[in-house]
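Heads up, the next two complexes both have chain A, just with different partners, chain B and then chain C.
Our next item is the complex of A and B:
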């Protein structure tokens, strides 16, 4: 379409095609939300300590580059929870319970890692699969409640966040093999239960990120190329129409929530089964009755990536990047929490960035059209664009 | 009997925040806006209420006066914060759940940031006691006096007063009728000249006010006047949503739902004081899970015939009539 008209209305039509392309508008509205969020963070920094604001802000934006291994390591769990939220969102389900599913996945993975004795190559794979099953369990229950009893999945999955948190903390504290009371954390995992490292010095980055990206791509294929994916999206667009078309809505709800839970559970497994930079050690978990932040960050990732698996891959790396940058701002006296503020603001704006974006592009377009009005004929597209 | 008195006296300060916040959620949903940001609004209200208490606690003001003034501050700040939701959800027609979630994420981070920068701590610690040993005269009433007017907080009485006001506003005023119409069929309401946008702003604002107060009352009655960015309000905003659904969006039923959850929670935290439960030797964590598990079970039984406002969650668009 673009080429046909390229000869005489080149500029206008490329603009029109661009702004009417769904992928582009998601991308540009995400960029706009990010921009506004970063500006907000910058203002907070100026208010807090004006003299360091520039250097602090440059840490936020560029600091992650110096710790690229860690950026990818910390992107892994939020990529998975992001997929968990985004996948359910495609069906119109809001899986706010990614935290609970993540925690359960982490516990199952830890349990297999500590308690089962398996051959070296098999141990970490089994632990990862166990993590997936743990998450699935906690996704399945809200799914069943939603499908069969019509209980709002938001409430159910929030309740399961708390249930999972208390349950896991209790189970870990009650298990002397997993829990070391003096440090009040879990012990170091056996060597063969850890996911192989990618060998970037000074970081925890491991095979998990590659698996996570592959899972994201698989999900994209499922959503785009399979009947299940089609039914899922159709249900998300219009529940009644898809019911009328004979799609099995209840089965799909349960299946979607179970898959979403499994994804979040994998996130927990990838996070906790990681080797650390210090030889022989591993990531540990501290059971202090706090809901896993990675679950909620997954919501941010999913929203920023517009629930699109490929978008989520990039948004998770971006969020992880500014989080790493945020921890570096403490070098010039800021608190890392500033990044959580920035992320929340980004989501707030991304909730209506699409609308703002449409309004803005309509405005710019009208301006351009007016400027070019002398040489051009009237355009039928103006109305639908605005 | 001592145990019953003890449980009721400890249950009421827990039930009141749930009640107020659930009533707030009810106003919002009855006007057609899903308010998942209750948790964040509570924390926002609690934070400013506590900040106010912190600034005036050295003055000669009486503790109960400070409580009432703090309540007003919390109500005002809750209202301001809720405007962010109404702006996004009503004016910008954004997804209400997403906006609410972002508001929930924002406030703990802001509190942590602010408190770490100003007080070098995770939140605000006040040292004023709002506890009332006994209310004069009323506490002398047999049984009732001991249940409601001894070892309590002023928040309990204020909470019940709000319940009565809310019931009257919702069912006996023109405003209440119009608000309910906007949540059921906004286009019909619009066609008879009701400003749907205004009513939705009003619904969300009322929920902001009530949730702000509820958050402050949570800080007063449960965390001893302190607010922390880490533990926040411990999911009470979400529990209040469950209470609201369990209460079928009706004030009186919401009261009973709130009492039910508060009772379970109080039980969970006083297991060691009740000889019968203590002797069972069950890990206390199970009791802590009980309110959440009970929510699930109760919702499982009640949601089939749930009567949610028909238009909740759908942004109102005039042109889609």
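Our next item is the complex of A and C:
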């Protein structure tokens, strides 16, 4: 009896290590949220049009696979805005201004693309860097307001979403080189201002996605391995203790917001500087006074990825995947907005992460314990556990 | 069998992973003061919460006046005549004493509140038990001791026969404690039965008839107070001998380490300054204690001293360098270590691991980082060394989350970090707050060790015994002013209490 008890305890410990691992708990709760969100979407589809629900749902889940290039292309901007939101969130700042930073980055990239005459290899790189600087500017200002005047960053960055959007629309409409009034869109970019394509036929996917993933990995290293990351997370967990330890809170707030802005700005640049499948054309921007949705999708991506850079890489690809699949549901008569409902529900559930995680790990634990007990009964001769 | 008014038989209460009460039996006689003694986490509060209906016990039975009862919530407890004075008072600050007392049991005539009837009863109770409360005073205007008496009247007004006091003296001045103990005796003589939760032995010796001792969730025994001694009780409580007096060698004091001149600090709560024109020196090799009742400017002064807040005027010099406007980091480099008052708010990042917390003041030094990258191997080694030297206990060693550690071990971690850091001045603010006797002894020994190592120690304390035992010199702060400088060898607790309550002041200090 003694050794049975001991081996049971041994088992419990290893299980404890597994389920109490932070990465595991975030991952399992995200999966749970996705699962429930998809089920909810399926129910909505059944209610809307029962006869096509199954084919529509299979488009949602698997449709993206047939358009893998597009999945990666559309994942790029939300990956960057997701990082912009998640990175600031690690410090306890809610950067709701990713849209404005994204729009600003896009404008700066377009400006360099149209107005500057640079050598072929350098042009698109300069345009990307300009995009980052544009975003940084719009992250920096709310950061300064927060750090020096203690104005809530949520309020300033919402305002800056509007300022950025109207400003960019005004500047673009007033510039005949960039704007073509007959199409009411920006013109096609010069070829050397476009990011090199990855060559997947029929899609805009470009080097941007690879850069974005690398940036995600770099952010992970910054957060986990550097003193700046240590200070940043410390401030996010407990601002008072970070002050007590002599960390320069104001400098860190400004720096974090500037970096976050730069990330979102890069998202705008990666999106607009994309080459398209049709030779000679490029992505264009339509200045119609709408706040960029990619900024807000970044919040969803960051929430689903638990603000963890690596998690955000995967969550952005996943969201992009079901968005692509969602557009395909129109083939069987659904409105593509159905996918926004699914995403909303997923985000809603991922907010209950801890509860769901407890439910899930409790379920696994019970199952494993039962199985363990059974195997014990069949093999009573087990001796020392370890 | 004697006539017990409360019998708690074989109470067992479990929380996940811990048995808070393990088969505890407690009997309360009618008209006695019964002390419940134990360290933090011994299960005193849990046991009382079971009696008061806040928790439900898994096993055991409660009998009131010989009848088995079920207490599911505080209302049930109230109906059975059980009342409780909580450690943190449950009073509405902007209501009068009378309004607070009748809250929940308002006397009503013809649909309107009838205060005159209530007032008569309150005045009568107040006179009968010598409580001296004014029913029309606002709670925010009266002293803490008076607020506590309001809580007592609240119980009496509801005609409770069994009164539970949860660490009632923690917030009081020595004079107020004396008054309270007298009131408790008076209540017992009038036939009320009192359960008195505490870990202060002197108070038990002064007021209690019997005492039940708990240790780690188990009942160690019930003794008659008149047949026992303080030493005996403490041995029962801790399980080993505790030295009450701290062994201190006489030390020659060295150079002035900290010099404070005419420092004034604004208050965040009101327009008056919280700290007014304070001046003093702390020398190497001495423990200077800033004594005072909570809320007399200590917190504000420490914020200014450690750099968390600004001063209005005055200068502070540390090791010969002016630090009045220095940043927190600069003060730390010059030689200030700080054990903060609130270890959860300031001292620790609860979601960080133990090792990450142990380098909180040093992560930026070249020992622990190169080119902005943290050297995790060095951090681990350093943490393991500190954990061993200071005996910091946790479930998973350096990687355990600090949140999961006990209060005593959290404090040890802070102590280890601040003491091991290079320093000339150690600022310790209520370093023993919320700790049990064993941990308090440990902290005191560490402070004395620092002094013996030739460091200056500046201690802020609300506990009279700590002030008297640990310090070499006492500064008393009252309403933001230093009202006296005392030598612990030449003064008495009573005199110190008079200074702390503002009844006495050292006029020779004025104008300095």
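Basically, the second predicted complex is superposed on the first by the 344 of 386 C-alpha atoms of A that agree within 3 Å, B and C clash if a C-alpha of one lies under 4 Å from a C-alpha of the other, contacts with A are read in each partner's own complex, and residues count from 1 in each chain.
The working rule: a contact is a pair of C-beta atoms (placed from the backbone, for glycine too) under 8 Å apart; a residue touches a chain by one contact, two chains touch by 3 or more.
Fair warning: this is a prediction, and the values are worked out from it, not measured in the lab.
After alignment on the shared chain A, the placement of chain B and chain C results in a side-by-side fit free of clashes.
Legend: residue contacts after superposition of the two complexes on their common chain; A:352 is shown touching chain B, with no touch to chain C. Shared-chain residue A:230: touches chain C; no touch with chain B.
In the superposition on chain A, A:48 makes contact with chain B only, not with chain C.
Contacts of A:57 after superposition: neither chain B nor chain C is touched.
Contact with chain B, but none with chain C, is seen for A:340 once the two complexes are overlaid on the shared chain. More residues of chain A are in touch with B than with the other of chain B and chain C.
Draw one line from the C-alpha centre of chain A to that of chain B and another to that of chain C; the angle between them is 70°, to the nearest 10.
By the document's definition of touching, of the two partners only chain B reaches A:166; chain C does not. Put simply, the nearest alpha carbons of chain B and chain C end up 5 Å apart when the two models share chain A.
Put simply, chain A uses no single residue to touch chain B in one complex and chain C in the other.
Taken in their complex, chain A has these residues touching chain B: 44, 48, 94, 96, 145, 149-152, 154-156, 158-163, 166-167, 169-170, 174, 290, 296, 299-300, 303, 335, 337-338, 340-341, 343-345, 347-348, 350-352, 355-356.
Residues of chain A touching chain C in their complex: 225-228, 230, 233-234, 237-238, 240-248. Taken together, the chain B residues at the contact with chain A in this complex read 36, 84, 88, 92-95, 97-99, 101-103, 105-106, 108-110, 112-113, 116-117, 229-231, 235, 238, 241-242, 245, 283, 285-286, 288-289, 292-293, 295-296, 299-300, 303-304, 306. Across the complex, chain A is touched by residues 306-308, 327-332, 338, 340, 345-352, 356, 360-361, 363-364, 369, 372-374, 376 of chain C.
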